[in-house]
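Paired with chain B in one complex and with chain C in the other, chain A is shared by the two complexes that follow.
Now for the complex of A and B:
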């Protein structure tokens, strides 16, 4: 490329990197609550897909983006409550339950998409509202990327300090951490282990559904089969990479988003690199970060362990 | 000619006819008298198609699934469509063998190894994609999709309609099907607008269904100045279209155009966005393939081509100026009379070398 409009291109590069980070960020933040409470939710991929489909269907029918986003979160809550009921009260294996939800999410959304829309792709009739700050949006390169994104992007960013505050500084956050580290001690201290874990998984489900809804309703503005393409599992890795801490999770999500954006941006910038190589970059980056940052991470002691009062 | 002299010939003729009826390989399609119907020796009643992605993508997978079902309906036979199968299909193939299918069409370049192996083990004929080396008599046929000539016409169209002089090509991987079209398109563009710039971008490896990736990459290509985008992606195409839709909403005086492949999305995509599509019609070769299987002719290469109408350009919208339509028609005539030769480049390295040569810098 000889006449590349560099400022516009770099702005697009930065903007798409930030957009790519959002579904991962939301899902990983929710997963941090669940895992801190001792629940390993491998159903996050299915919850994201469910949220994507529910969000798309409701937004298409109502013509309202906000309704679609809310529906995505609501479906995540519903799936989260199913996960909670099965694993907390019925003590079904968490791994199996999570995988079943992921398979269910993939199969059911594909079936419903075909049944309701005949497999014909439908674009949403409306677009998500964008922040448009005068002056700031016009700043070259970063203006549009940082200050001209859909509102849900800023809500996702705002969720980071809120999650950090709730997990680190509130009675509920303390209870979540307690039931994930030492459920017997928490129970003895009067904390309702089952109730706390259930609340945590509802937050996790809502956030995963919201992440999926963001993808379908705000970003791509349509639904396609299996459109999350493993982002739920990436969110799981990000949660561990971030050592269950919201700010670190944000850093990981942004790193991954920017690397994914660079993956296709570098060749356009004129770097002669094979797609197979640049395609590895985000995952290599994530792997390197995991090796450096997460090896010292101490998992919540009761992660994946069902709790039954009086039985150790 | 005496009566005595004609008798031996008559016996020979009768012998040939009787022998022909008894022999399973009596009449080969290419040897048959024009208009004659080859003898059916293996009636086909059940066929299967395996696709890696969902048939809802209005592209590669859907065209094949719709195609085999249309052929099956026409012939009154059963077609099993196994869609969204991914790339680990051994258990699925075993299941199809248990269902006594007589032909499995393995509709992905990623099935090039597993399907011929399955055919050899089970003795069930298969058709693979873009692997002519695997062809085996009675057992393995190959489907080639050389749509570079139609893509050339799309390149002519892009060259005539670009205002910025920058044209984008976005692909979801680099399989031969996409590579043929990329080079054909690039040659058509270069022939029409020699000073054009081409931005070539790959979403990722096997990113056929990555709609978000398609949107991201197309955003970048548009930001690089492209105002016509040739997209080859299947499900990821919906992301490309959304990127252009958003771009056009923000820039109503500088709208970008999209050229699609394989399927016809004109019912769901706006006229001022979708310029055309390089359409694939698999029914042509599926019909021929089943006929050949019935007459013991299976085991050859079938090619979607301009000649058999397996590939064509979607009708252009009314908004395209008449002189542009004429330019495309002239190019088409040139291809048909042989005055325009379009390169057939199947491999990714060849694509990059050709693009570097056509669009240096």
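Now for the complex of A and C:
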């Protein structure tokens, strides 16, 4: 395979990198909302797995990719509302609740998959629709990678400016930032702290579920046990690395995606490296970036702190 | 500074006319609120008219803040009703209160520090103000002009001084159409010129027909500013002083209020000081001290100081002139970048808390809740906290629970700490009682040098007196006490000598016997008027 044209190789590398970045991007964007509102969601991993399984199952049964994707997002919303009810109104510890959702999501999806589908590899019969712009896809190297991706990829990219706009320029975004920094001040200003936080965690849940569904339905096109490979936790790190700002989160997600595409890219080049080592690269890269860039990150001041009126 | 000189006859006539035409704008009627066994409010009725400044006075725990929280929608009362212009209204949430035109300025403010002034003003705004683009911005500019506010709308609140934040809070309440403005201890964070500015603002609001409720425990300010004073004691209205008394002889009015606040027992002055011989041994010698603040700039800039055994040395000054950095450096919590600190001849500069404690420094921080105590731990545990790291008696592994409880009971009794028992989490106690616990913790170790920062901040008069008396007694026992306080009255009461801290240096050191309070006051603000506020955000 070493005689593969360089342009094609780079194109494939870029294309798969952009694809691999999507679940992480979505989950981290959603988590940015949750954390900006003061909720630390350690359940992202479980929500992603739930979204992946629900998406896979619904897409398999209906034969429709869109239905699967919608199911994944819906399950994410459901899990997000569970997280919200427990942590906001019942004041259960956020860390505990999140970890429970992650453990539950991992165990339950694995069990259901084996129970319903016998644990055998069941690929989806259909593939997701792709954008295929006639002239642009012919541009060397970047053409196919940029203009020939599944539609959901563009939706994820569009989510970046939308998230930035909502957080920065809307009343809802201001409310989210206020309840995460100073819930008492928000309350005193007449903002519903609980309602705002709940809305934020629903966004977080939906995004995580969507990310999981993308992974299973659009990218891999099947479900496997713990197929998210810790990307839920990586999304948490990425949110912090991106300092809760959508554009920075996009940059981090792309870095991660590119490093992951090396995992398949380097062996194709004939480089003799252990796949385990290359597989570690994206995680190492993100860890290094975290250490360098996120050391001075100023967290939302009320992150992880429940709010109760009259108790400061 | 008698009330009559600061309030013109014309103003009085004007507000009387308004009052006659329009009785109560807002009335709290028969309000009751209990927290467990404590009656925070018991059948409290208070009415406030348009264009009136009402002072709400009382010692800590008298129910002032609870009443304010009821009116502001933060606390639901168990009994009673709130009426606006004679009609009963329901105030279930802060949002309800804002909609009814009740604005609140909380003691520690309710602004989001990471947001700008304008963003804070926009928070939670609803109705027509929210629907019209730029409406909040225009209203804010308009209110700012009326109040003479100097804060740009794009400034991030966390970078503003406390005085500026307060003006933002007031402006924001007016932007949202407040007809009633509640202020909780608004002067506690302000320098004297800022207090004057606040008073001018409140008088301006009164002239515009706003009903102002001023919660304070500073008598002088209340008497200067208020048209009427209501005194709360143990959750009940102890009495009501109207303009006739307030405008009369200020000492008579003051005595009346004090009688009402404390049920006639009054507050005795702390005991007089005994002179300290000039040749007494120096317990603390500081030379050429330079300490950087959190921002990286030098906050203490070449300070020399000597405190003798048997002496209370007071450091006066407006907050933010290096007080925290000086206290931290002596306590070993902050390494100075230059200079020496010797305690009984032992050099401790930059050697850490352990070295300072071993050399004999006891330290009561000005940050009682954050730095001084672990809120969830019991009184007994907090009292033992400083021994956990540095030995103490008994086992090096096990806690001496029985001894801790015994010592806690002794401290509770000796300092009259109002706590159900040694096992009560310290976070449940009032600020004054927390302060007594912290003081008891230090005094139990009988430190040759006791450093106390803001010992009476937020304390009611009686607790403040107890604390000051304990500090004086410690010095009279032959130990040195360094008191850093922005309350000049405290220092005048107990200090043998007073140094004025301005911009990180002692601008002057005077013996109390020949002290001139006005001169110290002028020195305190003299070096500070143009200096930026250096308080960390």
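Odds and ends about this structure:
What we mean here is this: the second predicted complex is superposed on the first by the 294 of 312 C-alpha atoms of A that agree within 3 Å, B and C clash if a C-alpha of one lies under 4 Å from a C-alpha of the other, contacts with A are read in each partner's own complex, and residues count from 1 in each chain.
Rule of thumb we're sticking to: a contact is a pair of C-beta atoms (placed from the backbone, for glycine too) under 8 Å apart; a residue touches a chain by one contact, two chains touch by 3 or more.
Since the model is a prediction, treat every value here as computed from it, not as a measurement.
In the superposition on chain A, A:114 makes contact with chain B only, not with chain C.
By the document's definition of touching, of the two partners only chain C reaches A:187; chain B does not.
Legend: residue contacts after superposition of the two complexes on their common chain; A:174 is shown touching chain C, with no touch to chain B. In the superposed model, A:287 makes contact with neither chain B nor chain C.
In the superposed model, A:133 makes contact with neither chain B nor chain C. Counting residues of chain A touched by each partner, chain B versus chain C, the larger count belongs to B.
Of the two partner chains, chain B is the only one that A:215 touches; chain C does not reach it.
Touch criterion met: A:268 reaches chain B, while chain C stays clear of it.
Across the superposed pair, chain B and chain C touch chain A at no common residue.
Contact residues of chain C toward chain A in the complex are 69, 72, 74-75, 93-95, 98-99, 104, 106, 109-115, 119-120, 122-126, 130, 172. Put simply, chain A touches chain B in their complex at residues 1-5, 8-9, 11-13, 15-16, 19-20, 110, 113-114, 119-123, 127, 215, 219-222, 224-227, 229, 260-261, 263-265, 267-268, 275-276, 279.
Within the complex formed with chain C, the chain A residues making contact are 171, 174-175, 177-178, 181-182, 184-192, 298, 301, 309-310. By the touch criterion given at the top, residues 53-58, 62, 84, 166, 174, 197, 199-205, 209-213, 215-217, 219-225, 235, 238-239, 241-242, 245-246, 249, 265, 267-268, 361 of chain B touch chain A in their complex.
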